[in-house]
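We just call them A, B, C, D, E and F in the order they show up, numbering each chain from 1.
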């Protein structure tokens, strides 16, 4: 796969690993948060942890839009899907996300709700055209990456004058989440950020400037291939070593400073900021999510179906808030691997395979065991 | 089963058989038409033919409302059931009745039409109540026996103000069919009629008076148990022997002269005569069927769905017209048992197990074989 | 045609409904078409509706007649 | 997050659609979000939509840089 | 398996698509519900097949799919039926059943509690028959793509030496033995069908017949030509099948055929013929006239053959008619059921 | 059977409820379509079970239900799959498959033409494997209560003397051999799923593996600990199952595991791991290190094992982790698939 395989090269990885070992100052610890689940996945999938020095620790951030979707929004979607006239279209990742009391879309589907997995927003449009007597609702989730496809779909629905189509909007924004982590009450222990890859293809690198400038945190935008990650880590180490805190762009082949202007324009024309939005594991964050503009109210499922806002408290035993701030690790949670597993996730970090806890469970667990054996 | 088992007694049958043999004049032939499929069924089911003298021959009449329903009405029902919003409720017997070109409700159901078998008209009402978003149509068929239950259902639909319910009315009348047989162009060879049992519980014996009085044909109303049949045959033989032609009532335990007045009144208030109606095997017969009165037009499926009248010619090779007039027997038809079997019925006489051809196929075939062996 | 069987009324229900029994099988049916109905009556049951009551006197007489007709011949026949 | 892969545009279709190819797999996708698209372009594909074009120059430079970074240490390291 | 999972919520839980996806949820369902219910050493090994020792000789194999609706009915459920039915098809060869396999196709949303009742009934029926369900499979399909649960069982058994029962072996003069009253299963099922509901004391006759068969084989040996269980299509279908395959006819005696009054009444109510109604614990045997009395005596001594009767004989007939002398005194043909078994109005 | 019926309209006809009711229509469907396609002496006898001779020894039995959607896919259809899959579960014991049974559950409205294609594919696959489908069953359910057709096959086979493969027999130090590239079946199926449609040259690997297995057994004998076909849940599920049952861990080498580029690409597109994707013509064997080379050589000589590879080893591990050294140079766990295999966006 061109533009992917080259960045998975083992020989180059060995070189980069050597460079990281050489550059990392053994006298200090480097704690970098990779914001994105895509980065988390790359770390786990390719076993990057094995190639980093012990004093370079990666902290898995909240960067999976599925994981951060709170139980209340899942409950709302289930209630919507249970309406007899509604067919709810969802991305497959959402099916197992827990609502309150063990509920999930997968279970709601099993119990009779009409829920369809779609691959693309365009599939939802096709479904609405094919089923004029049903109300097709698209469960829109995702960061800045996934919002433009929703915008394209809304334009198509308008053009086709679909009266049986609407959107349950849950799009969220990455910079406010980074801000929330940095502004956390308990001081966080993060020396720099691996910045989003595909979010940045849309919004560019500029929105991260404040974190470097105002918070003094180095940020390196990085692709999702393992060499991208390693190069970004090396760049972060160099910034730390140099005492710099800048926004750098490792993922230059796909990310520019100002992003995809067409996509940004489309999104701005269709969506506007919500005052507040609840994030699983992070709590309520101001101006961190989007809703449809009043001009598109007729396509807004929350209005069409007068959906009541549901808020469900996170499980207090879940350590996600601390894990997402770099203060704890999955194994520090007493529910990890017992009550909380990928089959029965409790907190945001276990929900998708890219959550910190799920990634550790799925790919990394054996290292705890190895460490225990070693000690 | 009280009021049934007593009339199935073998000892009494032997006595009656003796009496019939004794009374039947060996010098002449007695050709009686049992109008009803119920009688045909009793003859076949209990093997009555074996107990009658060779010169007493029973001719199976058109008295099965399923058999006489023409292919065009089945086609109309199929077209109705194929409408996406319609659920068609039918009595089980209708499922295999052939429409044109091999079509049937069973096959239409297999191909996706929503067709439900019901046991009673009340089931159709329940279905309409349970499925407010679907159009429930009851495929009403039957002679005078089955019309009052349809009337009860229509009253219930009115009372419950069911807006998603209607009736595809195919109720037909027995006296006009008897009239059509008697007025047939080719002279018929029938010496008397075993008159309807359950039709007569509703309409009484009076409507048969003209056939005795004007046509000189003895009529004996008889129950459907085998002893009822044998007694009626004996009574017919006696009338013939005596040169009488009267309406006699063998089925006095359930039939009176004037019938069930309440049922007659209900039917009269809801239904009115059609000018003409097509009978499979008999052709178009004037004033032989019912439709809803204008006051009930809103419950008439033919009006609600603007159903086009479909007329399909009977297969010209089918000998039903002659068989129903007593002129031929099933084995005289060259399609019998080859192209035409109960699995693939072509004419009305093969459609239900009570048709002349089906009854002979199902229960009596072996006698042809025996006769062939004997000769 | 018109499959119908004798059934005994064993319970009256509201809305012109009743429970009938046939040799250990019972079923809820409509008696809306019958003028006056009482427990113990036998009715002719067709597609879930009672069509008419059975007259026990007439039933007995028919049976008697049947017996006589058969017996008469038995006596005269050789 | 945001599963997305590089794909080559092999055919342009009406209504802002295109066929892309990934190592012997081809799929119809939307290119409505891309300003100017041509056959042979590589795009980043996400939920059936092309999000951005890949800049082949930058891609090559990044790889060169990666090589240099590894090689540099290899030379200096013992 | 220790797999860090929450226990199956057997009370309120239900099957979802993950239980068919080959992951941990499926492994848990199989271990926690099916192995639990069927409990035997073969399943415990957790392989995709099971092995067993055989002696030299002749074996039989059969399969049936079970799609009964409703799933639970008076006298049993789809699980007990799926064991009895397949055991019986083995037994009808005169064979002793040994092992069953079970393939489940489950609709998402199906309650664990119902699935457990079904699996428990299977386990119980298997133990009662002295056999084991040694291998199985579980699939889950989307809602609306099944009807609760379908079960296909297959079975193997061993034949006593020298026994070769087959439907082509009837000879004119053979007697037809029926093990008991007709129509109980079909009537019990229909009494619970939507839109048909009636009340009756009749329960399904569903039962494993191999033990009765063993007694019959002991009594009749190679004088038994064939046995068959009159399931779908009833006695009528069975006799016609045999007539076709043996190229002869039958003469049955209606008077000799046991039918319970309530079954007869339900059939009159629905316009059905008891000879067309399904049975799940009855068998028909065609036997040489010399052994008929001995086999019948063995049948009536067995609890499942208490009401057994000699119901007629095989006759030479190129037309392969199944005829019946009616209890009224006449004769008729007993034909296959035409089309589906539908309640009739006329 | 001469039953005075119109011929089945194999071109335009379809199954209706009468074809499952035990009457003449059913008999005709079975004779005209299934017997025709499977054509063998056992079915011709028309019994509800079939008999065969066995020698003293050890046999295996297995069953699987097939609910694949779409029914027809690149490289096969549900019929060929229903033979291959069950043959393979027999073969995974090291056994030689002998006989299959087939239970069909058909949705009314299913086209005869499609049913015939499926039955023909089954017959062909069975003949190619040198086995016979000797007994079967057909049920028809109402529209909306199935998904076209479901097939459950069961099979029996004979074990070579002394062979006892079982998933609890892996020992630390054993080698893991994989017979070919992963994910072809699952990707071929997914490429035709509604809402997922993509184009690829990939066809299902569906195939009967017993012949390959015989060669392996000849080469490795009792040095073969166990074999398993990585179907639902893919290689990941299979290795974890074995780890659980043998109470040990595995270390696999990602570099050694063959995955076709188009399969890898499709997996990237859908966010799936090729190790979780189903295969229907591949096997994993865990073998003693002494015989590993000989068995692998036998595999690569067989057309169905051309791309066979030694992909890792069993290791002592109380945690039963399946670990993998990634081709990038790091290490990871290979876990079961969680929940259902869903395309992902992230």
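Quick notes
Keep in mind that, in the parts below, a residue touches a chain if its C-beta (ideal position, glycine included) is under 8 Å from a C-beta of that chain, and two chains touch if they have at least 3 such contacts.
Note that the structure is predicted; figures quoted are calculated from it, not measured.
Where touching is counted per the definition, chain C and chain D have no chain in common. The minimum number of touch steps separating chain B from chain C is 1.
Both chain E and chain F derive from one sequence, and where they touch, over half of the residue numbers involved are common to the two copies. Greatest centre-to-centre distance from chain D is found for C, with centres as Cα means. Averaged C-alpha coordinates put the centre of chain E at 29 Å from the centre of chain F.
Taking each chain's centre as the mean of its C-alpha atoms, chain C lies 37 Å from chain E. Taking the mean of the C-alpha atoms as each chain's centre, chain A and chain E sit 55 Å apart.
In chain E, the residues touching two or more other chains are 17-18, 23-25, 261, 264-265, 268, 271, 338-340, 344-346. Residue numbers of chain A whose C-beta contacts span two or more other chains: 1, 4, 14, 37-38, 64-65, 91, 96, 106, 119, 123, 142, 146, 343, 354.
Multi-chain contact residues of chain C, defined as those touching 2 or more other chains: 1-3, 5, 22-23, 46-47. Pairs of chains meeting the touch criterion are A-D, A-E, A-F, B-C, B-E, B-F, C-E, D-F, E-F.
Against chain C, the residues of chain B that register as touching in their complex are 1-4, 6-7, 12, 14-16, 18-19, 22-23, 36-38, 63-66, 91, 119-123, 142-143, 145-146, 148-149, 152, 155, 196-199, 201-202, 224, 227-228, 231, 234, 250-255, 260-263, 266, 354.
If you check the complex, the residues on chain F that touch chain D are 191, 197-202, 261-262, 264-266, 268-269, 271, 344-346.
Residue ranges on chain E touching chain F, taken from their complex, read 1, 3, 17-18, 20-27, 45-67, 89-90, 92-93, 95, 99, 101-105, 134-139, 141-142, 144-147, 150, 152, 154, 156, 159, 164, 166-168, 228-229, 231-234, 237, 241, 244-245, 278, 336-341. Residue ranges of chain B in contact with chain F, taken from their complex: 96, 106-107, 109-112, 337-339, 341, 343-344.
Residues 1-3, 5, 22-27, 45-47 of chain C are the ones touching chain E in the complex.
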